[in-house]
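Next come two complexes built around subunit A: one with subunit B, the other with subunit C.
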Partner chain A sequence: MDFMVFQYPMISVQACLDGILLGILFALIAYGMALQWGVMNIINIAQGDLVILGGYIAYFMYLYGIHPAWGVIVSPIIMFFVGIAIYKLVINKVVDRDLFISILATFGISILFMQLMNFAFGADVVLANSDYGTTMLFNNNVVLPNSKIFSAFISILFAICLVIYMKKSKLGRAIRATAQNARAAKILGVDTEKVYAATFGINAALCGVAGALISITFTIHPYMGLPYTIRSFMIVIVAGLGNLPGVAMSGMGLGVFEEFADYILGTEFRIGSVFLLLVLILVYRRFKLSRKREYLK
Partner chain B sequence: MSKMINKNLILYIGILIFGIAAPFLFPAFKVQLSILCVLIVLATTWNIQGGEMGYNSFGNILFYGLGMYLCASVQVGMFFPLAEWTESGGEKTFVHTPAQFFQGMAVGLIVAAVVPTIVAGLIGYSILGLRGHYFAICTLGLGVAAGEISGGIEIIGAGQGFTTPPFPDVGSLDSRGEFFYFLSFFVLVLTFIAVRGIYSTRFKLILNAIRDNEDKAEAMGIETMKYKIVGWMISAFFCGLAGGIMGGLVGYIDSTDVAFDGREMGVFMVLMAILGGKGTLWGPIIGATVFHIFKEGFWTFFLGWQYVALGVLIVVIVIYFPEGIMGWLREKYPERFGEVVDEKDRKAQVELK
Partner chain C sequence: MKINKIIVSFISAAVILLSTSVASFAKVVGDKIVLGAAISLTGKYSSNGVHTQNGYNMAVDRINSMGGVKVGGKTYKFDIIYYDDESNPKRAAQLAERLISQDGVEFMLGPYSSGLTKAIAPVTEKYGVPMVEANGASRSLFTKGYKYLFAVLAPANLYLDVAIDLAVEKNNGKGVTVAMAFEQDAFSQDVRLGVLDAIKRTGSKKVIDDKLPKELNDMAATLVKVKQMKPDVLVVSGHTKGALTAIRQISEMKVDVPMLAMTHCDAAKLSKQHGKNSQYALCASQWHKTLTYKDDFFKDGMTYDADFTKEFGYAPPYQAAESSAALLVFKDAFERANSFDQKKVRDALAATNMQTFYGNIKFAEGGQNVDKPMVLFQVMCDDGGKCENKVVAPTKWASAKLIHPIPSWSQR
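Then we have the complex of A and B:
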């Protein structure tokens, strides 16, 4: 336990700003998860692994001398097709089934991806250096890497684009209609199979963007996927499905929580604290909801 | 009916004799056989809440890991300072005498069984109130959190791991394998008797009622929460025991790779139960045996591609074979499962196909 973070206010400011910039990135991943959860009623455990795969695409561009920021464009395009391939191979067989089947099937995909990435890219922690420099704030007491600001900006940009797309385009309307009532949408001529594939593709593309940004700002490693899945799951259950401001706010909240946990408990407990927070949130939710069922007792 | 009992009795005695004779028949596979026993225990107890109660847990690994750490810690801590033991890593200055080893193991196993049961009882009320996928993800979180947190605690070895006491020198070289085999076989028999006993009582029917429709069961006057917690505590008891034995067998405990290994053991137990057939007595046993034989027989041919094979295996089993071996047998030979089959109806269905 280290409470230095409360004795020096500047460290708190640093942690808050870091957390908010990180949280925006989490919110982008969580938005993808909310999308597929809402539309297809599937919880994708492999979400985090899609993120990491997107990160490796950007990292490879960096290795071949292309500036990794271009990964933000390339990675979602590749990931869109990866997402559609996963949908065609596995997900379309579990869409109408029990939720646990989808959880276990995507868990299998997650293990598969983890290991394939381990073979393809090695088990080293890597990052794509963007050379963006840093910004100093408050008399040089707070240091913010420009790459983090860049990633937050790009995340917001993509989120806004997606919201407009979902509102205005024909596919967006079809997706929203399927989310509301898949059967009715089918009767009215929406090709739900296509909508599902597109939804999963868009989700994977969002993961690709987030992954590319993570490879610039933080580090990526083949086994780091599961925490991202858990974070996005947590954000979605706190905010609820289809509540974008809520997703953004709880994403930032989670980011700030993590930064403070990092300072107070130490870095070795960072991932543990995320998982523990998940358990606490679910338990809190259970007690809050159980009041509604009390008439049964 | 009496013929049925006789048949079953002969089967059980046959298996028992085979189990006792196995280490002498296959002396080279003693460790593998012990691991098989542990796997069967894990799959069978997962089946109590996963298959019978409908609460698909990824978190039974929590009790397994807890049991593993507790058994080893008690075994060391009873006679030597625990902190110094873990600090010294692999090179031991303290050596257990045989008497100390077996005493420690006995007390350790009791603690390893009792404490996870209490933990399951304490957290059960909060966790088992969650339904469906929330329960699955919450228990997944519990398992991973336990692994991450135990990896940061100094006294049990933190990141560098914890070496369990080496088996003392009691004469022959084979004694270690035999000891662990008979220990795990004993626990397996204990588990089987307990689970079989449970499945022949009203308790099993209540668990099935919870699986089929929890709200209705509650409305019928069953205190579902009480039964859910008891069901989970039974699982935790045997998972803890299995973990304690596995810790001694492996000889080395690492927080995320051995004890709270959600990526391997945590998934294995679910997979084995599903492969054999959820919600049956023999399903998890058959599933674990098939899985273990497959894993040990073919694992070496994959040369590092094991996890890829595991991922593919999970997806294939879950999508194409969710009813498991027992479910498949049941469909093929319904008469054997006590189902009355109308031959005309069956023929009509075949013609329809």
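Then we have the complex of A and C:
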């Protein structure tokens, strides 16, 4: 145990800001997962691999001399079509089946993607340099890499655009209708097949944006996708489906919690402590539910 | 009846054919000494797996073209059977079993990485097959009492203790404060143990001791602590991911430390991926082309570097150089044993005492090479942003003077 974080107030500020910036980026990936989970009842194990693939698109742009920040625009466009292709080839065959089948199918896609990326791009760890510099706050006591601020800003921007799109556009309404009741939506003339394909495409596009941002802020590697899947899974579990403010709050909350756990318990317990928190939340939820059930009795 | 007979004779013919073809692979056939190797050609170690294979192939071609191996008055040539272990320890152990019991291989070369070597060593030990490995540095490989395992490289605990010594030397022999960030895997933790020994030996003090999870690609928390504690040395080891993440975040967060020491800089292509931001980083390396060791086959490091680059189109990382050295060790041992008897070759290997372009090789009881110190190079960049790795320690081989302390970010 180390309470340095409380002895120096600036470290607390630093931990909060780092956690929030990190959390916003994770929330974007989680939102894509929540969307398709809610609409199609599919838990996408390949989520993290789509993120990494998006990262490689930005990385290759960087290799060819284009600033990797443009990846934020190019990567989602390409990934949207990749998403549609995956839907047409695999997902449409498992979309109405039970959850276990879809987990197996996306797990298979995840392995396939890892191996293909390893085959195509090699096993080296790579990154794209944005050269965005650093922001110093509070008399240089708090440092924030501009790349992280940029990532959070872009994530928020995409999230807002998506919310507006879901509210205002015809497709957005169709997606929400399908999420509420697929059968009723179908009877009322919604082409659910198209809605599913679009949902999967939008999710892949969000992963593309996040991937491009991760190549700028962190590192990418063909086998690094799974931690992102797990992280977004946890955020969704905590927040619940179809609840964007919830996803954003839970993303940031987990981010801040993780940073503080790192300072207090040590880096080796960083990820473990997040899992512990997840277990506690699930137990608490069950406890609340069982109380509700008792009232009903 | 007739059909049955045809089937029986067909099967027996096939069996005979198969058994003879298997036999033709075995150990020493005609003028060939067949070695076996399971190497990561796919999976997460594939880049370094390919470096290892290229290093082996380069040495095989060189030794064969320069007269081969002379045993019992006859000249033999090296040949290697490769299998792809898919970077998977279980698969590696299966393949070692297959190489030995099906293909009849009697001498093995090591795979890439400590983890895979750990998986294979019990198998080679069980069958009494001598294995010379060049890419498994974990200390635990050499404390199990293996009799048939020989490693041409220095063990992991020696990677970064040189850096602590260097910092103490720069501090006029007084102890220094050390911040450590190590990944939680066998190799990095061995490096950590070595650093801890050095801290104790020199009367230094550790102020931060972070263990980075394998999934982690964010070191911001550790670096904030470093900013607060202002240690004299920051030591980082977490394979290529650790090296790349550290340099990225140190430069972004403007962390000033007088000395930064790490591993895997050349595998991470640090100076290429980070350019000037990687400047002044000290990196532990098994080998560097400017070292002045010599042998008859590759002459010296510079020639090896040029020849390898010509053949494979890229400059050899130390993983390739040490792999080539493994073949030189085998050749030397076969000739001294003057036999293909596994026990005799094993004893000859244990008695190895030679110099190669890669360094001196002499095995301790546990099989590790004790005659080759690690070197530290420092990334140095010119004004045009072109960066180069220059050896700065040990002083005997230094081709440049250590820049210490590292200039602060505000002055760069």
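Rule of thumb we're sticking to: the second predicted complex is superposed on the first by the 253 of 297 C-alpha atoms of A that agree within 3 Å, B and C clash if a C-alpha of one lies under 4 Å from a C-alpha of the other, contacts with A are read in each partner's own complex, and residues count from 1 in each chain.
Here is the rule we go by: contacts are C-beta pairs under 8 Å (C-beta built on N, C-alpha and C of every residue); 3 or more make two chains touch, one makes a residue touch a chain.
Just so we're clear, the structure is a prediction, and the values are computed from it rather than from any experiment.
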- Query: Who does A:240 touch here: subunit B (first), subunit C (second), both, or neither?
  - Reply: neither
- Message: Output check: A:266 vs subunit B and subunit C. Expected answer is one of first, second, both, neither. What do you get?
- Response: both
- Message: Taking the superposition on A as described, I'd like to know which of subunit B and subunit C A:275 touches: first, second, both or neither.
- Response: first
- Message: Contact-wise, after the overlay, does A:116 reach subunit B, subunit C, both or neither (first, second, both, neither)?
- Response: first
- Task: With the two complexes superposed on chain A, say which partner A:9 touches: subunit B (first), subunit C (second), both, or neither.
- Result: neither
- Task: Using the superposition on chain A described above, determine whether A:93 touches subunit B (first), subunit C (second), both, or neither.
- Result: first
- Touching A:290 in the superposition: subunit B (first), subunit C (second), both, neither? first
- Find the residues of subunit A that appear in the contact set with subunit B and again in the contact set with subunit C. 115, 118-119, 226, 266, 268, 271
- Seen from subunit B, its contact residues with subunit A in the complex are 56, 126-127, 129-130, 132-134, 136-138, 140-142, 144-145, 147-149, 151-152, 159, 215, 218-219, 263, 267, 270, 274, 304-305, 307-308, 310-315, 318-319, 322
- Note on the structure: Residue positions on subunit C within touch of subunit A in the complex are 42-47, 87, 181, 184, 210-213, 215-218, 220-222, 224-225, 227-228, 239-241, 244-245, 248-249, 252-254, 268-269, 273-275
- Complex interface listing, subunit A residues touching subunit B: 43, 90, 93-94, 97, 99-101, 103-105, 107-116, 118-119, 226, 230, 233, 237, 266, 268-269, 271-272, 275-276, 278-279, 282-283, 285-287, 290, 296
- So in the complex, which bits of subunit A are touching subunit C? 4, 8, 11, 14-15, 18, 22, 115, 118-119, 122-127, 129, 134, 136, 143, 145, 147, 218-219, 221-224, 226-227, 259, 262-263, 266-268, 270-271
